[in-house]
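Chains here go by letter, A, B and C, matching the order in which they are written, and residues are numbered from 1 within each.
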Amino acid sequence: MISLFKRYGTLVGFIAIVAFFWFNLPDTFMTARNWLNISQQISMLAVVAFTMTFVMVMGDFDLSVGSMASLSGITAALLFSQGYPVAAGVAAALAMGILGGFFNGFLVSILGILPFVATLGTLTMFSGLAFWLSDGKTIFGRDIPKTFSGFARGGVDIELAGTLALKIPYLSILALVVLAAVWLVLEQTSFGRRLYAIGGNYEAARLAGVKVRRLRMAAFALTGFGAAIGGLMYASRVASANPTQGSGLMLDAIAAVFLGMTMSEEGEPRVLATLVGVLILGVLDNGLTQMSVDSYIREILVGAIILTAVASSSVGKFRR
Amino acid sequence: MRISKTLKTIAGLAGTMVLATGLSMGLAQAASKVAVITPYLAQPGTQFYVEGFKAAAEKNGWETNIVDTAGDVAAVISRLEDAVNQKVDAIVINVDPQQVAAGLEVAREAGIPVVGMDSGSDPLLATNVTSNGYAMAAETAVYVANRIGGKGRVVMFVFDAFPPVQIRGVVADAIFGNFPDIKIVDRVTPDVQDGGIADSRAKMEAILAANPDKGSIAAVWAAWDQPALGALQAIEDAGRSDEGIVIVGMDANPQARDAIATGGNFEASMAQDFIGIGNKAAEMVGRLLKGETIREPVVYVPTTLVTSSNVADLD
Amino acid sequence: MSFLEVAHVSKSYSGAIALKDARLDIAPGEVHALMGENGAGKSTIIKILAGVTAADSMAATIDGKPVTITDAQESYRHGLRFIHQELNIVPHLSVAENIMLGLPYPRRFGALVDWRKLNAMARAALDKLQVSHIDTRIKAARLSTGDQMLMKIAATLISAGDNMARLYVMDEPTAALTGAESRKLFEVIDELKQSGASILYVSHRMNEVMEICDRVTVFRDGQTIATRNLSDTDKNEVIHLMTGRDVKDSYPPRRAAKGEDVLLETKALRTRQVRDVDFQVNRGEILGIAGLADAGQSAVLLALLGVDRVQAGHVTIHGSPIAAQNPSAAWRNHVAYIPRERRREGLMLQRRIVDNINLPHLQKLSFAAGFLSRRRERRFADALGKKVRLKSGGMNQACYQLSGGNQQKVVFARALGDAPELLLLDEPTRGVDVGAKFDIYTLIRERSAEGAAVVMTSSDLPELIGMCDRILIMREGAQHSIIETDGLSPADLLAKFYD
């Protein structure tokens, strides 16, 4: 009973938040359309947070995802502006994400630099690179092909009873695909199990024959890859690329994973729990805006909710 | 375990109370609802627009919701969607409309008018309220030409990468080009990473060194205040403040006003009426709420030339 | 009159009974042994005395007066001091600072630390214990485990105010110590006893208990079975009390003669920690490695596992040189390893038993593309759990909930998972109760009889003699000799460690 409550406390909190908004915004909150809006609004954060789970499973984290997201947007937009096709720009941006991630992994796993320091360094490097490539400018307008920016506005039309048409945004679908992929890799493959083992006890995993260095590199590369996808989604949504636009994603992504961690008995990150963390952040943004609550109050609330969730799960641990 | 349960309950209650307070404040009047959405509320100019808008909105009895996304442009789209979903009566933005087109389209579909405050014109906006950059540049350029008697060598500081500043340079080019005895020594684009003062100063120092003769530089025309301040520092440092070099900037920021007030080389700048832009935006919203259509895609708010004679009167 | 008496102690964890009406009394100035198999309730009563865990019910008296122990501060005020298996030292601070930790440092000029006086106070504390070989100025990390323990004991002598230390609770203090270090500890225990303090000595090591303790209390299944004067009892009776059965033979008999073909061979092996290591192990043979603490016993195993790089010489298995030098390649080559520090190097304590057992074997439990088969996983772990006689609440239980002996069985199950041909065991029975020890010995024997070569270290000399065919003696990182165990006595073996 106790462990049930501890495990599902955050989920209960999430449901309470939803119920609260439903009660106070009876007409507009609990509508299919609003939830599709929310799913689209959180899609970029979701992708970055899901893939952030890879490194956090090992007890590491990656501060550079925000600037990697910016850099990926800039990379794609620069190639677009020089006349390359959309596919080439997207591929280059994703390659940039994987390379940057491998570089993080190299610093952490091979050189043995603490993840905090290593990714703080690459945060600055990636950001500088984005500024340098773009000359500090926002790339927008005609430089961004319609096929690219159109992706974020498009979706799959669903017809109900032949009349009511709902559009499921491509961004939301992409986030779901990433969720499924991360879940499969983390929960259903030996690769994922080994990452959890590294997080459980690095030394024990190494002595039991797990290739800890290689796996750590791979996990960081996957996180970088996810950051690049998130950055492209962002660039598509704002139909422009700016060397700082992804920077807000990093803290929110880490916060989402932490919120999710409070839901697991062992305090381990789970990607489905990360989804709940992302949803909490997204629903608060959406609901509080609709209720005309000051955006600064929202930030105070979000901080307080994270602390409450983490505090309650660690209080439980301490008294065990 | 009991402790954590209590904690959760308390947090839940506290959250509910905060939310409820916000709610009761928000729903007190059943008046027109207007959302003001910007990523830039932390910047001084935007604060004044919003202040001006809020003051006018209060008089009209509107319920305004100011949303700051703290630099996040994609979040502006999200908040536009939320505001539309909330069925507000009008929306005001202070961000490049091209970047938030996805959100503006949602507003258009829902038939909710969006007014820009100094955000650039766009077909998706009902109108955009701003200062006239062309007129401002013309005014300072003409001021320079007149002060140097239509004759002499002028240094220009421009920034063509940023469209609102680029138009200022184009206008100044045209005006100086109209005086056959005015020569442009250099058209400098300073590095703005650190705000622009330091690099402009370095660039000006180099130009002064290359033109050592007294009177070899008659004036400095800057497209905004920071390069003008940098140039001023360079001239004072080189001991050439007595040559009568005329410096003009634009935007009349507080540092520029201080410099103008001392009566030195920095002689003039243009003051935008930020509060006035906010007021005007509110006026436009008022007209839209009454069902009028606004024909002008851009509505200009007058600006003021600031010199030592009127700088003290400005607030 | 007793110094401390606790009675009617009961405690249950979410339904599972840890202590049931247990009782313990300790006289002033005595060394009192507390014995019992793992899970008998020893750890629980220690945690209750330390104020870390609250008993469901308890009647405690000190000097005949009723007291309560609600938290760690109150326990401290009663004069109870705890020397744990895992020492809480601050490795980067000096010995003197570790001794003075938590107390106000002596000052000069009101603000500056008076280092000279600090060192003198620490020195005085060590001198009280007749410990002269520890320099108070060096960093605590540089001390051996035994010296770190002496340092922690010295720290308890410097008491704040009137809270004199009156009872030392030592939980498996010699588990990480060498023979010589243990001897030094026993001398210190004697000093403490002379000064009037009592010691509650928790250990699995029967010989030590017989040697240094005055009385023994035996716990079984959360209950106090008996308290005896050690002069009135013997080893067999104590074991009988602990297990509820007689243990005639501590070591299972050899089942087959050792094989003829050489499985493992090293020639002039050198790593950063050891040199001149030269031996052969046949199939079905068990080789022990012994020596003083840190003489390189564990480091030989680390070289064979590929953790420490081979700098000179070579290692062959089946006559062919070992390939890539890393643990991953070793496990693939059917080399299995039991680390010395079960909790730090062996287990993922928060994770499930099945995850811990299957970790090195995930490859063969997966379909193509690395997707795991839950069914194969469960079957594999179930079979191994049965094989090692693991007592648990199911394969999905988290490892931290298991007793020490069962945790070690999990590590064994992992090692035996892929029919290892070479078993490297570093202190395989450390911190394991008598019953589980016998199970582990049986497992080693079984695998050996199936043709595996075994290399094991142990600081328990009778264990080495009882289990091994030959013993390799290490001295200061170099191989000294290899001796046959037939007719060897622990005293003979110990003598080989010294010049």
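Structure notes:
One rule holds for everything that comes next: a residue touches a chain if its C-beta (ideal position, glycine included) is under 8 Å from a C-beta of that chain, and two chains touch if they have at least 3 such contacts.
These numbers were taken from a predicted model, which means no experiment stands behind them.
Most remote from chain C, judged by the distance between CA-atom centroids, is B. A summary of chain positions shows that the Cα centroid lying nearest the centre of all protein Cα atoms is that of chain A.
Centroid to centroid, with C-alpha atoms defining each point, chain A and chain B lie 33 Å apart. In whole angstrom, the spacing between the mean C-alpha positions of chain B and chain C is 71. In terms of their C-alpha centroids, the spacing between chain A and chain C amounts to 44 Å. Among the residues of chain A, those touching two or more other chains are numbered 2. Interface of chain A with chain C (complex): residues 2, 184, 188-191, 193-194, 196-197, 200-201, 203-211, 265-268. By the touch criterion stated above, chain A contacts chain B in their complex at residues 2, 5-6, 9, 12-13, 16-17, 20, 24-25, 28, 31, 33-34, 37, 40-41, 44, 131, 135-138, 140-141, 149, 152-153, 234, 237-240, 242, 244-245, 247-248, 285-286, 288-297, 300-301, 304-305, 308, 311-313, 315-316, 319. Taken together, the chain C residues at the contact with chain A in this complex read 14, 305, 307, 326-328, 330-332, 337, 339, 344-351, 355, 358-360, 362-363, 365-366, 369-372, 398, 414.
Partner chain A is touched in their complex by these residues of chain B: 1, 3-5, 7-8, 11-12, 14-16, 18-19, 22-23, 26, 33, 35, 63, 65-75, 77-79, 81-83, 85-87, 96, 98-102, 105, 161-162, 192-193.
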